[in-house]
């Protein structure tokens, strides 16, 4: 049996994992882009469980960094960063449900060089920031534009990196808060987790009627931690399949692939992100297999895998995973 | 010369520190209470710089914990906690200005026992929480109701604590975010800092037209860190004098008293909150006295004072202060 | 009744808080100075409970920074920093006992300017360090020499700071480890806590026969957090009264004054230092007063006081205190 | 060309990566086992660069946990835990050199069930501990004994885990400190990093004449973070090849395999461990390839890989790695 048949989406989704109607959401369909995850913007699209949606996304800079001579500090206008596509309402979604999002493909979009990365003052994992507030002057800014296609990321004459695309920012709306799309949290958001990639099914808690799916910030490739703060950012076309698991409250995002089950936590300090992810995973393993929590804890001590998403955003993100083979 | 004459409010405020018109904002004036700090709710009052405003506030539980037999986990309906009074718009306030709020008095309000504290599951500084996510079952809940008047907090037969009231949650609106009133951040919010008390002038960055002042969550007394997560909560009547400093951008809240100047940072881990506060203080001392930053850093190493606000909220809060005597 | 009569030292000490024989330990009595807290160096003095010991201490730089033109990075030879006086063996001390040290006086010693502070590359609370390892080049070094006497610290033409001396580094030996005198931990060490001052009684766990008291690193004055990493360092003459509480294991250092009882924790991140201190204080209050732990927790939420020692050493130090008046 | 020929050990080692004399160090060769990493114990063996050493190691409990009915809290006698084999002196090693250790094999040793894991009170990543000091009573203890051979780890009827052995604790002596073998730091120690496995070459700073190699604490398998605090512990026979790189100071341990180059940092909070590792890696990549540090920083943002070692010891351990293919 294909792993997808065993997924929560296929087993418990309203559409049972079957593809429904096709929808498209383009850049042009947006009058303005949300820069927050929240319930105060009107949905730009409504879909039903099972819908397959093709979504165009901006890069995190809304395309404003065009040349290696640009200075990010002059161009970027905080907090109007990381524009999201959406929100997309999912019919029938209510608080206490779980939104399932199968990521089918991510393709680069627009003119070459499609990829952008840069060093931004007071931002990144190895520099002083607004939180780790030190007296050093910022390091010099720098912009790098990179050609990207589905065969590779052409970093330099000597180095071609693999094309390993994923969605940097994706999730549902909080219940009453509207939180910057620069931040990850319990509803998803700016997790910058490379496992949020084609082939995976992601699950998010539903906190509002319609769930209000937002997404954006696709990356062509990224190392663990997104350490300078900016991955290989690109405008993209994303194909998603959406489903809804009724009455299935989850506290934090989850993810399934053919290889593993993953829980995702976001917090500071970094150990708290890992604690959230591992506690959620202990609970998930215990619930699915029936083993007591202390046995799940021992088992994960032997076979748990940790993926560092970002170590640069307002909260850091960690995924904790168990190989599917040990879910028994 | 009185210290107030030397304060930023008196020297630079639009109203020059002079009292203007009197306003009142009662509980009954609110149709609903904001549970977020944000720009999406309509102001319930508009005032001009110099206004003296008497504001009624709910306690953090909106008065729902009435007896020591109540169970907080059954009564409290997250995220509808810590209701705020306001927002109050201040005429003429624009992004880049600084809102000055002089706290003139805080009086307990309502029927005795006015004060409430409690142990809430998964909340507090010495227990596992949603962030410091551990496998322990929660500690038992507990509610304590306490008589409070302006002479004392009648804790038990043996112990009377001093009445040292302050505003637990106060600040302006973020520019586009709407953030839970349970959280502190750069705009103020749930700092739970005991120095936010009568006699002090607090300063907050203005991020939106009108500034949108919110406040609530008054405490009759609190130790450093608010360590169980809940201070001696009380409904209160607060008298504030509001002023506006034009074109005076500050990154984080500040506070003046006759004794000291304080900067306030909120972050996790706790050292980042202290770094924010101390970096802001280095900058403030350098700007006011003209000494180079490295000299201000050395001086604060000798005479800086740290006040721990909360160590329980989504971000922790630290105030760093310099005695007024050394601002020369 | 005098508070000292109610102290643990007076009530439970082998010498009952009474002064015994006088001893002197000079700089010249040391052939070499310990740079670690550990059991591998021979005691330089043995005393009995009740002993009053006058101890000369070096400053943290062993007197090598002599002029404002000196460059710390060239002079300081890590790890040979923060030389300690001692170890002093206390007759009869065994693992599981508690060493009581009453601090009677601290006087500056040597030629003026007696006081030294400085900025050291990669060291301090507001700069990148070996732990908070960032890519910024270090800030410029700087040395400041300051005249100090028992009336004041003559910081500049405009600023005289109070003389508020304390012992920066003091404690007992670990059982089998030998840990740098730059670090604080459960046995004391480099706590840099301003409350370790004349008038206080400090308590340390005994982990080795003889307890092996080390001390050094006196400060003429220091702000909370010792934020640049170096207080006003001075060579000093310290007078101590030593006592021994048999069979009284404590997990972390404690301190009594006429005003308060304090527990001391050292850890990273800073919230863990505060958790240690507050948990120890909950336990101490519960043990002394007989109230249940959850009541002590609630009480400390209302009246606990936090003192930040250092926020620059390998572990950060926090003292948590309760006013003596509420110990009932 | 084989990757080993390109390794630092082969290119720069005194023995040029060639195997020299064979030595054996058995359990019986030790009169007592070091429980600290330090310079105060006599070496039990001296070898020359190039030596191939077969070392027997105890498990972390010195074999004292024999049955699933044992109670760790009664058996374990802190700080006499994690006994190390050694120290082994390496002829010619001096401060400023770098010790290279090629791990050739790790085999389980002793009677079945060879493997032990357990839940220990106040220890682990998802429970309150001595540092994350909370008021919860500890979770129940639990011991699990597991059969292990070189084909697998026979966890339960349903689950067989792969045999993926590594050395949990290994490193050199600090210069003057003697630090518990439960702790990792700049010299190595209790890193619990699964990449410290057969096939890898590890590098450690030399701080003392002879380097003083210690090792122990082999694990049959472990998940990222060693989240309950105890991996699958086993007594083992380890074969190492030792070499010495003269005048090659490194600040933190490093590691090479055929696939990647890794730097290792240990600190709290966890982000500081990652910062150390990534900063060291930026510097290593820049030094080896000649690219500027800011380009190495950008490159690692795209291709860096993070491995969480332990998240339970007194310092947490993170490895940051770059695929060998991008070292150009």
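List of remarks:
First chain written, first letter: the chains are A, B, C and D, and each begins at residue 1.
One rule holds for everything that comes next: contacts are C-beta pairs under 8 Å (C-beta built on N, C-alpha and C of every residue); 3 or more make two chains touch, one makes a residue touch a chain.
Quick caveat, the model's predicted, so the values are computed rather than measured.
Common neighbours of chain A and chain C, listed by label, are B, D. A count of contacting C-beta pairs for A-B and for B-C identifies B-C as the more extensively joined pair. The distance from the centre of chain B to the centre of chain C, each centre being the mean of the chain's C-alpha atoms, comes to 34 Å.
Along chain C, residues 126, 132-135, 139, 268-269, 275, 278-279, 282, 294, 297 each make contact with two or more other chains. Interface of chain C with chain A (complex): residues 126-128, 132-137, 139, 269.
Looking at the complex, you find that chain A touches chain B at residues 35-36, 38, 40, 79-80, 130-135, 175-180, 251, 265, 267-269, 272, 275-276, 278-280, 282, 293-294, 297. Within the complex, the chain C residues that touch chain B are 117, 119, 124-126, 139-140, 142, 144, 153, 155, 158-159, 161, 221-232, 268-271, 274-275, 278-279, 282, 294, 297-306, 308, 311, 316, 320, 326, 328.
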